[in-house]
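Input: structures, listed below.
Presented sequentially are two complexes of chain A, the first with chain B as partner and the second with chain C.
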Partner chain A sequence: MDSLISTGLIGLSLGTQYALISIGFTLIFGIMGVVNFAHGGFYILGGYFAFTATTALGMPYVAAVVLATLATAVLGYVIEMIFVEKYVADHLATMLITLGIYQIMTTGIVLSYGAEPAEFRFPVAGSFRGPGFYVPYANLIVFAVCAAAIAGVYYLVFRTRYGIALRAMADDGPVARAQGIPPAKMFPMAFAIATGLAGLTGALVTPILALEPHGGESVLLKAFIVVILGGLGSITGAMVAAFGVGVIEAYSSVYLGGSKGALALFVLVVLILLVRPQGLFGTVARKA
Partner chain B sequence: MSPHRHRDFKLDIWGVALVLPLLLVPLFTTSPLLNSLTYQAAIGVSAAMAVYVMLRMGLLSFTVPAFMAFGGYAAAMLAKSGVTTNLLALMAVSFIVPALVAIPLGTLVLRLKGVYFIFITFIFNEILQLILFETPTLTGGSDGISGVPPATLFGIDLGKPALLVVVTVVVCIVATLITLAVTQRWRAEFTSIEENETLAESLGVAVWKYRTIGFVASAGVSGLAGFSLVNMLSTAHPSSFASWSVNSYIAYAFVGGRGTMLGIAVGSLLLIVMTNVFSAYAHLSAGLYGILLLAVMMAAPSGLVGGVVQLVDKFRSRSRPAAAAPVQEKQA
Partner chain C sequence: MNRLPILFRALARGVLVLSCGTAASMAWAQDCEVKLGVSGPMTGGASAWGLAAKAAAEFEAAYVNEQGGLPMGNRKCKVKVYPFDSQYTVAGGAAASNYFASENIRIVAGPIGGPEVTGFRPVAKRHGQINFSNTYMAGVIGTEYPLGFHALQSPITWGPILVKEALKRFKIQTLMIIGANDSGGTDGSKQLAKLYGEQGVKTQEEYFQRGTTNFAPIAQRIMAAKPDAIEIATMPPADATQLVRQLMDAGYDGIIGALGGLGAPPVIQGAGGVEKLKAYYWLEIVPVTEPGVDKFKADFERLMKAPPPPEHMLPHVMVGLNGDQQMLRAVSLAGTDQDVEKIAAELRKMTPESRYFGRGGWRGKAIYGINQELAFPVGLGVIQNGKRVGVLRVEIPAE
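So, the complex of A and B:
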């Protein structure tokens, strides 16, 4: 029973992390049609920025996380303006451009920090002990921060004029432009929000899991799984699917073992796609 | 039909021709560096050709490492079991097994649209890696299958270093010829799917059929590349088929030019040679590939060969306007 509740709580914590990463990923795709292969790179850069801020600059961890979020957001903004903006209409080009950027990022990290994992520890140790279960404080804190960030994103996207404009661009780009919504201003900001969210997640999670140059690859894979399940472009879908994936992964890792658990998850994705190719909340793409 | 069909066919033939001289390297030199470059190039070209087959339909498939693993492991198991080490049998198995796997997989993934297809093919690599780890009795798990006997042909042992390289190049030539046959036989159908799938369907092109043909052919060609790798190393190991290795094959295809087989061959040879020339900077190779991909996609989306072809076309059209004028006057 102990492990059942503990595992469930860890699954929820994983779910918030995946939700933060995947919301950003699906936001970029929904609004711009860009599949950002560098998304995992921004996650791991967030971790390294926070690591540098705490170790080299001696900043407190909270400030380091904020700095990492801002830094990855600014980097995302600049990258979108310079490399992605011009090629937004060509999906293959943007995929390969972001793939190239990811490779440059990981090589840059290896050159700057070395290939070995960095010693980056979460500042709060210990576990919260409840009736019949325990959860590390780190997971609880990450869960709380990620949940707050998700709430913030939801408010931005569904309650502000800017968010309405973003959703209009995602729904029907040409009509949104005809209504006066400028893609040249919306796209870089949307990209920055998404990469900032990835950086925030990286700064929070890498002290718990691992901070190493190729850590972004597994994150990208999770983002793929979550958005496939949730439906590309659907923020609600990404949220629901993220929690589903997090909980399934936690339970299958504990009760089936590492590789079998991951395999079970992948098989589940494939089965769901057999029945519903557009994902749980995605719309059937029109061919024309 | 593309007005450049004849020219593109010639460029495809040149792509095959570019690979042929690699046969001479192991026969005329014992230099380890040159032989290493040759077998790396042969395997790289084979894998990049598998990417090319799908690109002919405008599809970017990440399944190449997974199908390489199917082909490589199938050949390794057959050779190690003692049933046969005949080169032709091993090549056939390494082509057929991935092709057979691709048929049911294709029915699942090929009906997915655009990016869903790409995501699933990406995930498929990960699924295969996990399957390899979870089936140690069959595949050796994380240790792989080592001590794979070299191929033989009519009693001749092809295990000497020079002959191993020759076999790798021969397999590459076969893979290239299969790619040529498939992409030429169904060139019109593949091109129509690439240009406008909806229009192709409305004109009666059975899109699912040709996508499946391309997917199966790509799988088979990948399998041949996998067999080359396993035969060269005498080992089938999961790390040889890591999912991110597909980035290299994609880079070869796009840097060289994805429109013709010559581009694929040029891109593969160039990047493999560059990686070896700058071997002191091997840890930077991923970043350099990234920079090259960026540069190509932003400045020369048709790649090196495509870019040169465009320049030649531009030059020719500039030197033709005077010749075209009298024809127009006559028509008026």
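So, the complex of A and C:
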């Protein structure tokens, strides 16, 4: 029973992290039709930006997280304008471009910081202990910030004119353009929001887990699982799938062990996709 | 009319002076080069081990080159290092061997991880490469691969001695061994289970998916199993740091052991300091408190014009160095870096010797059927009740 509660809390904690990273990933695909292979790179860059800001610049951690979020957002904006925008209609080209950008990012990090993991710790230590469970304070803080960020994204996408325009682009690009929605403004901004979210997640999560140059690969893999399960392009789907994956991963790892737990997760994903190939909340085919 | 011969004489003198100068400045190089390949994980969680192997080879090359080069018959050749990131994978190990073949490299330091060795060996056998691997993989050397040498003794060698020493200090009846679910983790974990089991400890193995970044579920399983101690020797340093950190969050206050290549720093870092650790014992793959280690550090600073390798990498650098020194000695005695049979024969004939630890020996016949494992002393480090107790020197007998 003790581990049942603790495991559930671990699952929720994992779920919020997966949700935040996956929302950005699915946002880019939903609006632009781009599978952003550099998404994990922005996550790691967020971690390194925050690390540099706290260690080299001596900034407080909170300010470093804000800086990392803004820096990755700006970088995402610039990268979209320079490299992605021109080929946005060509899925294969954008895949290769973003993959190349990811390679440049990781190699750049290795050259700048070395290949070994950086010693980056969350500023708050210790755990909250209740009857039969514990939650590290760091996880609670990350949970709260991620939840706030997710709420912010929801507000932006579903409650603002900009969000309506974004969803219009995602639903039917040509019609949205005909209505006067300019893709040249929408796409870079959507890309910046997504990469900023990845940077925010990296700045928050890497001090709890590990900050190392190739850490983005496992994050990208998890984001893939989440968005495919949730339905490519569906923000709600990504949210639900992220929590589902987090909780299943936690329970299967704790009760079946690390190896069998990982296997259980993948088997479950495959089974769900057999029944619903479009994912939990995906539509059968993307129009744009 | 007489001007032309004078001009020629002046030109001839100039050419002579120039060629003498060039010859003097290139006295050690003489257009010959000994190519030393290094294979190991240089990125990712296990990068500390691969980078240590690279640092060792680069240091040894710099040391030899400072003496004018490696004596090869009547010449002295420059030693050049060719590193390859084999990424702790089977495919990476095979790719390393192919890369070395493409560069005409036949002497190799590494690979480091079990999966890398698995991929490297058959390809290296085909390419005719000789290597000093540095892993705990079962059957790392054997008669099937006569050009494979081993720089690091496996748990099976020093295990019985160190487990006995650890059990003298700590009361351990149940032990959970944590490792990755590939040959790099399972081989070492099974060897450890056998070693502890033989001394009456009840063991349980727990495996995680390689690449795991969040160890909270594993920590949860450990807390639920309530073992007296956990063994994390086969975990890469970054993973071990993460596991210990999350174990501490979960409230773990049991004993931690690492009779493997992990060393002390990853666990101390994960715990948040020595004072936070109740009980930790670990293998030092070299006795790090020996005076030879201080001499190495001084040599490293002087030659590489850089601070000595950090604490968590230092023992791995020195183990790699033990292998590199023997390899280059054998190359020198054989007078070739291409005829691997000749180099292997020289290795088998020689008594291993380290500049920093003195004379060693060969062993391995009893375990692997082939006497190609270096025998230099190791150490047992102990932290008890938040204080460093010290490092005990443990001799490894030759065969």
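Keep in mind that, in the parts below, the second predicted complex is superposed on the first by the 285 of 288 C-alpha atoms of A that agree within 3 Å, B and C clash if a C-alpha of one lies under 4 Å from a C-alpha of the other, contacts with A are read in each partner's own complex, and residues count from 1 in each chain.
Here, contacts are C-beta pairs under 8 Å (C-beta built on N, C-alpha and C of every residue); 3 or more make two chains touch, one makes a residue touch a chain.
Since this is a predicted model, take the numbers as computed values, not measurements.
Asker: Do chain B and chain C fit side by side on chain A in the superposed arrangement, or is it a clash?
Answerer: clash
Asker: Is A:269 touching anything from chain B or chain C once the two structures are fitted on A? First, second, both or neither.
Answerer: After superposing on A, A:269 lies in contact with chain B but is clear of chain C.
Asker: Considering only the touch criterion stated at the top, classify A:136 as touching first (chain B), second (chain C), both, or neither.
Answerer: Only chain C is touched by A:136; chain B is not.
Asker: According to the stated criteria, A:87 is in contact with first (chain B), second (chain C), both, or neither; which is it?
Answerer: A:87 contacts chain B only, not chain C.
Asker: State whether A:14 touches chain B only (first), chain C only (second), both chains, or neither.
Answerer: second
Asker: Looking at the overlay, does A:110 come into contact with chain B only (first), chain C only (second), both, or neither?
Answerer: both
Asker: Once chain A of both complexes is superposed, is A:61 in touch with chain B (first), chain C (second), both, or neither?
Answerer: neither
Asker: Looking at A:225 after the superposition, I want to know if it touches chain B, chain C, both of them or none. Which is it: first, second, both, neither?
Answerer: first
Asker: May I ask you to decide whether A:25 touches chain B, chain C, both, or neither, giving the answer as first, second, both or neither?
Answerer: neither
Asker: Check whether A:259 is in contact with chain B, with chain C, with both or with neither, and answer first, second, both or neither.
Answerer: After superposing on A, A:259 lies in contact with both chain B and chain C.
Asker: Pick out the stretch of chain C that clashes with chain B after the overlay, from 5-13, 41-49 or 95-103.
Answerer: Clashing stretch: 95-103.
Asker: Both chain B and chain C touch chain A; at which residues?
Answerer: 110, 115, 217, 259, 262
Asker: Going by the contact rule set out above, which residues of chain B touch chain A in the complex?
Answerer: 58, 60, 108, 111-116, 118-120, 122-123, 126-127, 130-131, 133-134, 197-198, 201, 244, 247, 250, 254, 283-284, 286-294, 297-298, 301
Asker: Give the list of chain A residues in touch with chain B in this complex.
Answerer: Touch residues, chain A against chain B: 29, 35, 83, 86-87, 91-93, 95-97, 99-104, 106-108, 110-111, 115, 217, 221, 224-225, 227-228, 232, 259-260, 262-263, 266-267, 269-270, 273-274, 277-278, 285, 287-288.
Asker: Touching residues of chain A toward chain C in the complex: what are they?
Answerer: Residue list for chain A touching chain C: 2-3, 6-7, 10, 13-14, 110, 115-117, 119, 121, 125-127, 129, 134, 136, 209-210, 212-215, 217-219, 249-250, 253-254, 257-259, 261-262.
Asker: In the complex formed with chain A, which residues of chain C make contact?
Answerer: Its residues touching chain A are 42-45, 47-48, 51, 181, 206-209, 211-214, 216-218, 220-221, 223-224, 238, 241-242, 246, 249-251, 269, 272.
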